[in-house]
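Reviewing the structure listed below.
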């Protein structure tokens, strides 16, 4: 969670320009000029329409959160599960040797707020059943909350291709009204098709993959909290550290949403 | 729930005209006249057909509720979760100091009917397990009930694009029957395409986003009731207020469906 | 359940002709003749193909039930929840004053078979936990069973548009084989398009809305049985009538599938 | 399960030729020759491509099971629920009069393997809770296993229309390369369209309806096993036969997947 | 799990070339040259765009795992369930005769890590309820983890057809800009269509079937672990081996994802 974990998400950084670039390269190789697919009006229709649909669909809070989530797509500050396991194992060993109450002194150093809260409740002597229920519910709500930015992009990726078709049909109407003027025909249709490209392209090269990456990261954070939750409950139960590690290793069998190399 | 919470939902108010406006602006920039996309017959086919399909799909009660729900889309009277937490914490502290039974005097001032009912049952000494089950079931039923208007708009957004295609094909049939008269050809096809625009446009700029906003608001109300439910059960259990707030803060990690600024 | 509850479902009665009528009116205003969209062969392909697909998909029993369910779409004999609450509250008060066993004399007058069975089991002294489980399971099975006609129409609404496209392509093949005879071209394509209209039209103006209405009604009946179930278990438990009504009001927060006005 | 229950599934037997026949009749009435839609290459592309996709998707075991399941589509050997109820009621009465252990002598005559296993475990004195869990798990696994052939057809019905489009586009490429030779144009396009017909037709008139029928039958068998399971547990519990029948009648409210008439 | 189980997955090995080959054979029979569907630019757009979208959607870890999973598609090292049952039955008999603790000596020979861990925990005297919960949770997490490569291919199969359409529209724009030069018209459209073929073809002949096969194998492994889990818990419970086999046979009613013949 802390800044020291901030790592560049190389697949995101590569994926967006790569997809766009190769498509445009293909277009250039076919002999198409860049200018023929830069169309202010098509952009206005597709992006404007999609923006309107997204605004009507969500609250300002959700949309702002979706915008800030872009940072998470490219720069990931999630902790690798192995590190989380190492951290909780340290507290487990500590609790085993000096007792659960001795964890109180460690609390200020716990950086993850979910873990700190859970350990604090253990120190306070919370009832184990109520504690599990409370932490599980909080984890679920948190995951639902964390998935909302993904939903915003998913909705945008659902609206934009159909609004692209809307733009295409609007363009075709103009074309049809100038059928007697064949010189305008081809170019007119070309203009109309650019809207389709914007709709399909933004959805498949940007909105939907972004939604997917955000969902994977929200899922990862949820599994990491689950891991802390199980560890804390096992600490409270007084399980021996070996058994706790056994349990956590089973739970930590999860891919990380990005590679482990650190950003400079 | 009370009128004092009524706030304009700015993203709804902005989203609908913005989407529509930018699409029409794009259309104007392309040199299209507004008249070319105003088509009585296309409107009759698409909106009439969609209306018929929606009427056959739902009951009059559901459709009337969907109509009144339009108000909720633009003017939201939901309470921010922070305020709900503040309210229930007040009762929690009160119960802690003067006993659960003392809440009886507060009951008439409780504005939220779900909270009032829950507190009344606690004062009546209801069995905790039965109480949780009863309130959870009521919350679920309530959410199912609150989502019905969203379902009406969702169904409309499912029917309208295909009925738009129906209108387009009907139009093309006319076109085909006048193939020998090329002067009518272009305009005829244009007419046919307007039905597609109406179908795709109403679905993506109005019906589906409206359904989405209503669903988000129903979900928000459900989470707020869940919050009250957990608070009331914790009050009944005699939990200390600090622990209750801890629990509620975990649950309240939820975005509001609209911004917090008040309507004048 | 009894005949006295039979009410015309006005939205169904209005929705089907309205949708169809407005589409045809639009078609007429466009200058299209009715004859141009009446096509025996297109009808044969689309409706025949859909019929074959539905027969292969379901059993004769299911298909017959789907046919009789058409009556339910237009004439609804479901009881309004308020009446069901009134009925069970009468038994609750009776049981409170004269004891649960005294309900035996009332049994022959209970018109709803689910309620009669439940009350009979209470009178027989069934174990509360087994009784709840048994009634809940029966309610679930019943809902699954009641939803089958809706599934038949849903399947038909899934097959018909694609079979419409099948018909269109079959038609286009004929067209292509007479390309040298331009006089046949336009009319031929028109013929081909009628199959698309039949496919899309039957699905969106009839099959899918019918499936939706039947599903809403099956859901309504299930919630009504749930209400009776909770009431009967509360009666067995000896809950006081006030608390029972409180519980039922929470559960009854459900829209009726049709308006409350009675058929003459 | 035994051969004596084998009955022809008339809707399957009628549905497949009816759908295909009416589509072809419509085609003939339109003046289309059968020859124009018999296309070896289109068939090779669509059926070959679908076969390849299905092979890559599933194991040989699954595909063989899907092939043998074709027999089940047309010839159904499932037992009507009423007969199953009659059978288990016989054992219930027997157990009531002569004790559960006396069922041992009946075991060799029990034709259904699931019922025989369940009764044998009751005779062996299995723990009721473990028995329910074991039988329920087995029923679930069995249903999952029985649904696999349906999934194979469903996958085929998902691949074939898009591979039909693949074939169509391949055809259109040929057409485009002979644009200068108008005499080949029409026929070429016709050839291309046949692939679409094969893709859409096999999916909607055969693959998807077959998958649906198999799923309905797997569901039916699962509900029949559930019925036996509940009956056997009630027998073990020592419930009186009247109460058992009451319970089973609630569960048996299920349509049969085919009509009850026996095959000659 | 061990190498000795490695078997060639014949349906995978056959399915991919068969699908592709028959489609190309059909194409050749239609008189189409292979060259007409080999298009560098179309390939660049479709595969490049899909690659970019997949990179943006997933982490490098997930994508690498998806690449290595290709081996699993063609060479399967899963154990047939019958063998797993034989293995666990051996331990069950052993535990019955010499006691659960005697399994400790067997542990080093257990090749499956899940089974070894489970047996080790039994030998350590883990609490049965905690053990079940722990193993079930681990199995679930493991299945979720094993399904990720399938999800990568599924996402690719979702992006590629629409990016194919993107490529087609890009091509059509070029065509439209040279409308005055009819000689380029046909060939240009042909070029544009190749992108559609690449999009639809890669999705339906490769990406989606691969995702399906991987999902079936992940499901199979999960069911095999479930089988080991139930066996180990039954061993701990001290159930007699006959009852354990009865239980396992019910659970093992599952198709293998590939045929049983061994690879040479």
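Labels for the chains are A, B, C, D and E, by order of writing; each one numbers its residues from 1.
By definition in this document, a contact is a pair of C-beta atoms (placed from the backbone, for glycine too) under 8 Å apart; a residue touches a chain by one contact, two chains touch by 3 or more.
Note that the coordinates shown come from a computational prediction; the quantities given were computed from them, not determined experimentally.
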Chain hops separating chain D from chain A, counting only touching neighbours: 2
Relative orientation of copies chain A and chain C, as a Cα rotation angle in degrees, nearest 5: 145
Mean-CA-position distance for chain D and chain C (Å): 25
Distance between the centres, which are taken as Cα means, of chain E and chain C, whole angstrom: 40
Multi-partner residues of chain B (at least 2 other chains): none
Of chain B, residues touching chain C in the complex: 40-42, 44-45, 47-63, 65, 117, 121, 124, 126, 134, 137-138, 141-142, 144-145, 148, 155, 158-159, 162-163, 165-167, 169-174, 176-180, 191
List of chain B residues in touch with chain A within their complex: 9-12, 14-23, 25-27, 29-32, 36-37, 73, 161, 182, 185-187, 189-190, 193-194, 196-197, 200-201, 203-206, 208-210, 212-213, 216, 223, 243, 246-247, 250-251, 253-259
